[in-house]
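Listed below are the structures to be examined.
Below are two complexes that have chain A in common, paired first with chain B and then with chain C.
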Partner chain A sequence: MAAVAKVSPGQAAGLYAAAAALRLAVFAFLPGLSDLLAARVEVSTPVTSFKRLQEGLFLYNHNVSPYDGGVYHQAPLLLPLFSLLPSFAALPLPTDLVYVVLDLLSARAIWRIADSGEAGSSALFTSPRRAKRWSGFVLAAFFLFNPFTLATCLGRSTSAFTTYAVLHAIANAVSGAPLGAMVALAFAGYLSLSPLLLLPPLVLLAYDRRRPAGPAPRSGPAFAAVCAAAVAGVLGALFLLSYLVTGSWEFLPSTYGVQLTLSDLSPNIGLWWYFFVEMFDSFRSFFLAVFWLHLSSYVAGLTLRIRRQPLVVLTLLLGIHGIFKPYPSIADTSLFLALVPLYRHVFPLMRYTFLSASVILYSAFLGPAFYYLWIYAGSGNANFFYAITLVWGLGQSLLVCDLMFAVLRDELEVERPEIVGKEIRQI
Partner chain B sequence: MRQLFFSLLFCFFSSFAAAADYHEQLNLRPLPQSALLASFNFRSNISVSDFDKGNFRFFPRSLGQILQHASTRELHLRFTLGRWDAESWGARPWNGAREGGTGVELWAWLEAASHQEADHKWLMLTNALSGLFCASLNFIDSTRTTRPVMSFRPEGDHPSLANTQLLHGTLPHEVVCTENLTPFLKLLPCKGKAGIASLLDGHKLFDASWQSMAIDMRPLCRRRNDCVLQIEQTIDMVLDIDRSKRPRHNPIPRPPPADQLPCDTSKPYHARDTCFPLDHTKNQDWALSQIFGRPMKGTCPLTDPQVSPVCIQIPHSRPVYASEGAREKKNPDRISRCFFPPDPSADFDLSLPAPADPSDPEILGPGTPLLYAERSFTGYGQERGGIQTILRNPSPHKEVEFIYMETLPWFMRIYLHTMEARVAGQPAPDKSLVREVYYRPAVDRARGTQLEVRMRVPPASTVLLTYDFEKSILRYTEYPPDANRGFDVPAAVITILDASQGGKEPSPRRPAAYTLRTTSLLCSLPTPDFSMPYNVIIFTSTAIALAFGGIFNMLVRRMVAADEGPEPGLKVLVGKLKKRLGALTGRR
Partner chain C sequence: MSTPPPADSGTTSSEPNVASASPVAAAPAARKEAPPEKPSDARRRSRIIFSFWLIVLLLGLPIWWKTTTIYRADLPLQEMLDWSDGKACRPVFPLRISIRAGALQEQEAQNLLRLTQHALDDLNDFSGHHLRLQLAPPSATASHDPDSVLTIRLAPGDATTAAFDPHEPILDITYPPNAVPSHTASSSPLATYVAGQLRSAFAEEQATISYLLSTNSIPSDHRPQGLAPDVAQSLAKRTTRSLRYAPTYHLTLSLFASGSLPSSWDIERAIADYMKPVLDVLSPIHNFTIDTQVQLYATPGVQSQVLNKEDLSSFINAAEWPLSPSIGGAPTINFVIFVGNQTIAAPGPDADPSRSWLIPQWGAVYLLPLPADTAHVGAATLKQPLLTFTSHLLALTGAPRSGSLPLRLSTLARIRSADLLLRASSTLGSLARLALALPSISIPPRVADGVATTIAHLRLACDSLGTPDGLRHARVAEAEAERAFFEKSMVGQLYFPDEHKIAVYLPLLGPVAVPLIMGLLNEVKAWRRRRKEKADEAKEKKSE
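Right after this comes the complex of A and B.
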């Protein structure tokens, strides 16, 4: 293993403290900024908005079912969690602390993933370039000080919970705790549905990294079945608990039905909302099915083709979800961008880094401006913002494709060392 | 004994009279700023047994059959236009009980065992009334229907309301016009041919500053098993005397010549050559035939002769001239008098000359309403906004308790946790102002928001009730043709509870002392570009195809070095072509 500069505990504590202090300072001294971010469509989608969570909480605390209405579409167990905290309106600090701690825990999970070295050498594949990598400290810092992560945290979007659950699942799988990984994935799926599509690569990752002396079954299919059963069991338990908390099954159509049928067409940075605003009514169901099928079509292909590096599959799938899921936000992008630096060793093989970085930056700056022109100034129309969401999606898909190309080329170079540094083409 | 007999006899006769009678009355009341309130009231009764047998006499058969079919116990229908200017006109006629929000409003108690049955009957009722009144009442669907809990109470006497359900629907966008007046008049026994109804003319009625047409059907019981159904048709209108006096043959307002211009002489700069025009001339004289465009065509022969057809509320000190031979009856209250036309078939006219002293118009001062209410939007942009209602209690000593009811369309997602009430001038919201909240959140495309708040306003203070909402974007087929005009939000209904009655009862059960409605609002939603469904489908599909193609291209194809593998297709083709050409040139 290559030499990675050892990070002292003091440095780690310093990083976490700095990140926490920055967030708490903004919460305390610039409450206007966090309110502004909470109101942005890039941060708060109908399924992650903090304002909607507060409304759901208010209704829940006043014995009105939050699911008997069109505002609250988030998981039921968030309600008792937040109602345990002191009221946000009266004392925001505990709620803010929850979000800060979530970010720190996510950073810790990334640190564990990076330190495991799985990105460079997995059970079935070892990259010759793996020496060139960044330490967990750098990756955690990337995540914690990524403006997208900061905006998500400051906007108090509940996707922070999903991000943590996904990262925790990967970290557990990498460190040889398959059961913990499956439980965390079930939580992520419970909170926002689409992470359930990560199950196959996550099972493979957990299988590859399982401890030889562990109690897990040795054969692959048995292992996968146990993992799937664990996810299903935990999900079932969570649903049952939700049923007990809310007293009815109304939450199922309201939480997951909205994601499946896109009944709330609030603008967001994804591709779905405008497509379904403009869709002819008779084709709506057909295209909903096509879009979901499209989103799930990547799982099998990527898992089979890049079987030797399941963590790569997870990263790529997270990137794809950030573009093509029904209500994406910059939280999904920040999760993808947090994992991309794990592949520092294949960066030299990427071809369009400058282009994709500029496209993402371009749309990140122009998006809010065009949204303003449409909604507030009235000097632009919906096409302005729609065009930017298209560019944003294209920029991210360029990055996903590029990363995938680099990883595949890295695999190719192990098979055929003579090809290093040469032009290649696909046949 | 004898007294008892007489009283029994009296009871019998009066109940007989109540069982099948009809009367109509027009009440005129000059308002400040040269406005005139004209209240037309038509009332007819039918005994329940006659109604059940279908013996309709004065009660309109067309409406009666609809009510029977939909098993309606009590019905209230309103067509309203314009805004009642409470600041200058004061308290509303009938204490606000005979008016609706802008557009059409309908509420009814239906006999139904279940919600489904009630919905079914409601659908039947709205569709039938829609045909009868030429209004779009059939557009009152589930998103515009609510079941008010606290706001409305039945006016009639019902033995039991256990098996009935109250449904309420509004159409704020509906433009009330002549086609609604014609069926309204057709329900009357004299059909607008005679009596006070002959004054009603669409040109004048819908030119009024404010007008409200109401139909109320309710059962009234003197004793058990002695009930009548009463239908009351009311038209209230506030006429601008200046505008109404404009002659029919020359209806277009033109600026008068300079020397006839009415000037505000109180302005300091008023001089012979400078004039600040008055928007209305004070204290004009008027006559019925002038402001309604025609005189009253006799009296309806079916009406109760004891009830005067025309009354005017004006101090007794002012003279009022009526057609020759008319009997004038001054009421002992010294502010109203009634007229009995001499001949039921002759035209009747009434005129009020200008007061002798123009500085003292000698009209009744406007009554102070129990509450002033104003509702408006706050915020800007098409993403989110807020609603602010300003509620002012003019009374210096008495607190006002009322129920504030909002029915909002589903595409305004309100955030109830942001609702707060505070006394104007104080920075912090006051929790004690809101006593009770009933809230039923909206469901997308299925149900509107229903919000009922029981609250109070302390004496001589103003309370601001505010909450936030978010505007949603709709599917492009859900926008009306004029999408950028905005969407109408129905008026809020404020029912002031009678403080003097039912002290021991729980407060919301108390009868209403006064009802008022705010104006409706116009909410603009974000709009998509309606011209490009095809473009959006194509562009989005292209973006998806690029990503999908890019990824699957790499997944299914093998990588080789640039100089390996078979030649690319195009190169082979070009090579072949060159060979061919070379062969051709070689042969030449």
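Right after this comes the complex of A and C.
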């Protein structure tokens, strides 16, 4: 699909209706499947699990601090939201509708990002290949029918909220609404901490796409300062609101503290848990700092290197977060995979698409099997599952590196047209 | 992550420059020189490398320093070593003995006291254990002065006799009227007799304490000389038999029957009647908790009718009998009554076969023969077993074997305080040596607090040895010293040599460091080359 076809409103409505119908049908007719998915480590981490949310909700509704008992590690403001809905046990439909609507809104945000054309031609760089792209319709469909997105939605993982907040932030930045982008980013950071690292590239993106006549300051540093202040202000307001809701500051150590110190070591598809199960106690805090620094060290380097295409930086950082954050799940991968097709025009420059796709598929199928062998059958051990999560991380990092290579090569070809179509060699 | 291909051009620029117009025609050996890098690209690369190094230097290094610095609380190492070497405290037990001689004149009594003290001092060879006589004020009405360990009641009689009061620490001595020494006499048989009695009464305590001191690292100058080897051996045997000191002991009394009968026993009354009195007098030294059980159809570990000495150790059927090793943290002493008609082989042909035996550091067993149809064991039947257990209990707690009960108990308190004092001191010494031997072990503040408490209580205990306070302080000191030594966070680091740190750091940080360091080196090289080029240019301009 090289040319962008005009999508009629009917087609868009049809896409959304089909996605919503599929999800609601599974919720209604296969409740076992969504319960199964909710219990899977690939979908539900300690900081996104719907089961833990219900536990926190129960405590909250009985006027007990939701963080008593050390099960609930999610943002406090999710509690009043869910307690407004009818009880999930009695009437699951409203809760399910929330998740379906979240997915549709995320898809709408991707549509907006794709239609802006930012991926092919940013303020400072225009790719000669930009004509070859997919429409927002295709990208929204990619996102909505991606099995990883479906599993996240059906498993009712609260990372759906974060996904929506991040996509909404990017969509706002692309469409020239810096303030809206910063508010959305603050929400994403409030919900799961690591999106705060997206702030520098997002500020650049918003700066590049700001409306010439808008009220935003002209100079770069002033713009960045205003954006950072907006994020800090919204975060502060959210924290204050959380304090008023729960009545104490206990939520800070129970939500962000758990992410920072990895006190819940239940297995997930990330690389942290096994490492810190094995780590000597006296080195634990040092390596926690190393892992967090590692995660955040990419921000500056990537932002400087691909300054001309901030959306690429955001995409790559989301991919890196999906590999290296403390409690990753397939929701993070689905967010990254939702943005990758924006770069349809550089796909011909990627070298390992087959390899990375097969590695990701391979580990996606073998991961649950190895987890089963370890936990249920008892014929494997923790190393089985950890090995497959390493492969999963390898597949994603291959994709991240390959995409970065393709984007950089695309930039290089503009500078030096004579290398187009030639194999690269190290000289 | 990866740098763009042109970035590598700087490192291979020394290759011979074979310019070839078409790369398709170029042989693999003929390398094409990359076009020069744009200055903006070079600047960008420096900035990227700089940004990584900024994180490493500004955040990584301080965090590394902060999280891996080992906290070492200051310990008074020299003082701790002094305690364990016995330099800090010289264990001295000043024992005061009152003499009550109502029938004697003040002058005569003083004279007798002086002579007896002389005789005692001549006999004594161990300065740490010192008996000091004093005359009880005649007005005192109490039969025993609580400040002194023993009261000697002198009364005129027909012959020289000595007898211990069974309920109080009182030694009754009668003397014939002519035995009172005259004013000028330099020696007197009565004084020598009294001294001899006292010496024999305290001989066991003295031997035990000197044995304790000799097994610890107390310097030899005030260690008693000449502890006979056989005495030392029997003391060693007794020490291994008795349980380690604990403030509370748990007593488990069990009735095991080989069949279905007897199924009940009147143990509560029996304990109240026969055991409680001794437990009460032991209460200043130990607390006791008691539980009881009845087990039917119990098979002993040895089935033979007559139990030989070798059988006794395997009689307890450890696999099947529910005798838990410890309940609630306190060490358990087990007393087992086994109903059955087995007997113990007599040591000699004319000796009485005994019915019970003591298992070191564990408890005691009593074989109780009963008619086969006895369903209920009355308190009277349990009298002999419980009295036997009571004497075993004293042995298990480490009380001396001879002397009257009150004297034995006060001796037990003194032995225990000396034991605890020495043990706490040696624990302190071990901790100090550990802290010196492992400079990389962390010492949390809790350990320093524990050491300070231990030393304070050791000092108090040392100053009040021989009194109930001394025992209390020694007990606190020992508990604190043990807690400081077995601090959880230290035990984990005991076997963590410095070389292991390489294995901890290298696998992750090594691979991460390679691109960082290589990038930095390349940057430095490029910067020096640029500087040289600039200098060359300047020179050329000058020469022009």
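Here, the second predicted complex is superposed on the first by the 421 of 427 C-alpha atoms of A that agree within 3 Å, B and C clash if a C-alpha of one lies under 4 Å from a C-alpha of the other, contacts with A are read in each partner's own complex, and residues count from 1 in each chain.
Simple rule for what comes next: a contact is a pair of C-beta atoms (placed from the backbone, for glycine too) under 8 Å apart; a residue touches a chain by one contact, two chains touch by 3 or more.
None of these values were measured; they are calculated from a predicted model.
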Chain C versus chain B on the shared chain A, clash or fit after superposition: clash
Chain B versus chain C as contact partner of A:M404, first or second or both or neither: both
Partner chain in contact with A:D68 - chain B first, chain C second, else both or neither: first
Chain B versus chain C as contact partner of A:A39, first or second or both or neither: first
Contacts of A:L293 with chain B and chain C, given as first, second, both or neither: second
Touching partner for A:S282 - first (chain B), second (chain C), both, neither: second
Dominant contact partner of chain A by residue count, chain C or chain B: B
Chain B versus chain C as contact partner of A:Q54, first or second or both or neither: first
First (chain B), second (chain C), both or neither touched by A:G301: both
Chain B versus chain C as contact partner of A:K422, first or second or both or neither: both
Colliding region between chain B and chain C, picked from 163-171, 199-207, 325-333 or 487-495 after the shared-chain fit: 325-333
Overlap of the chain B and chain C footprints on chain A, listed as residue numbers: 280-281, 294, 297-298, 301-302, 305, 401, 404-405, 408, 412, 422, 424-427
Interface residues, chain A side, partner chain C - complex: 280-283, 285-287, 289-290, 293-294, 296-298, 300-302, 304-305, 307, 401, 404-405, 408, 412, 416, 422, 424-427
Complex contacts: residues of chain C adjacent to chain A: 1-2, 4-6, 8-9, 12, 23, 31-35, 44, 47-48, 51-52, 54-56, 59-60, 63-64, 67-68, 442, 489, 492-493, 496, 504, 508-509, 512
Complex contact set, residues of chain A against chain B: 39, 41, 51, 54-55, 57-59, 64, 68-71, 89, 263-267, 271, 273-281, 294, 297-298, 301-302, 305, 316, 320, 323-324, 374-376, 381-383, 386, 390, 393-394, 397-398, 400-401, 404-405, 408-409, 412, 419, 422-427
Interfacial residue positions of chain B with respect to chain A in the complex: 380-384, 410, 413, 415-417, 439-445, 470, 472-477, 526-529, 532-533, 536-537, 539-540, 543-544, 546-548, 550-555, 557-562, 565-566, 568
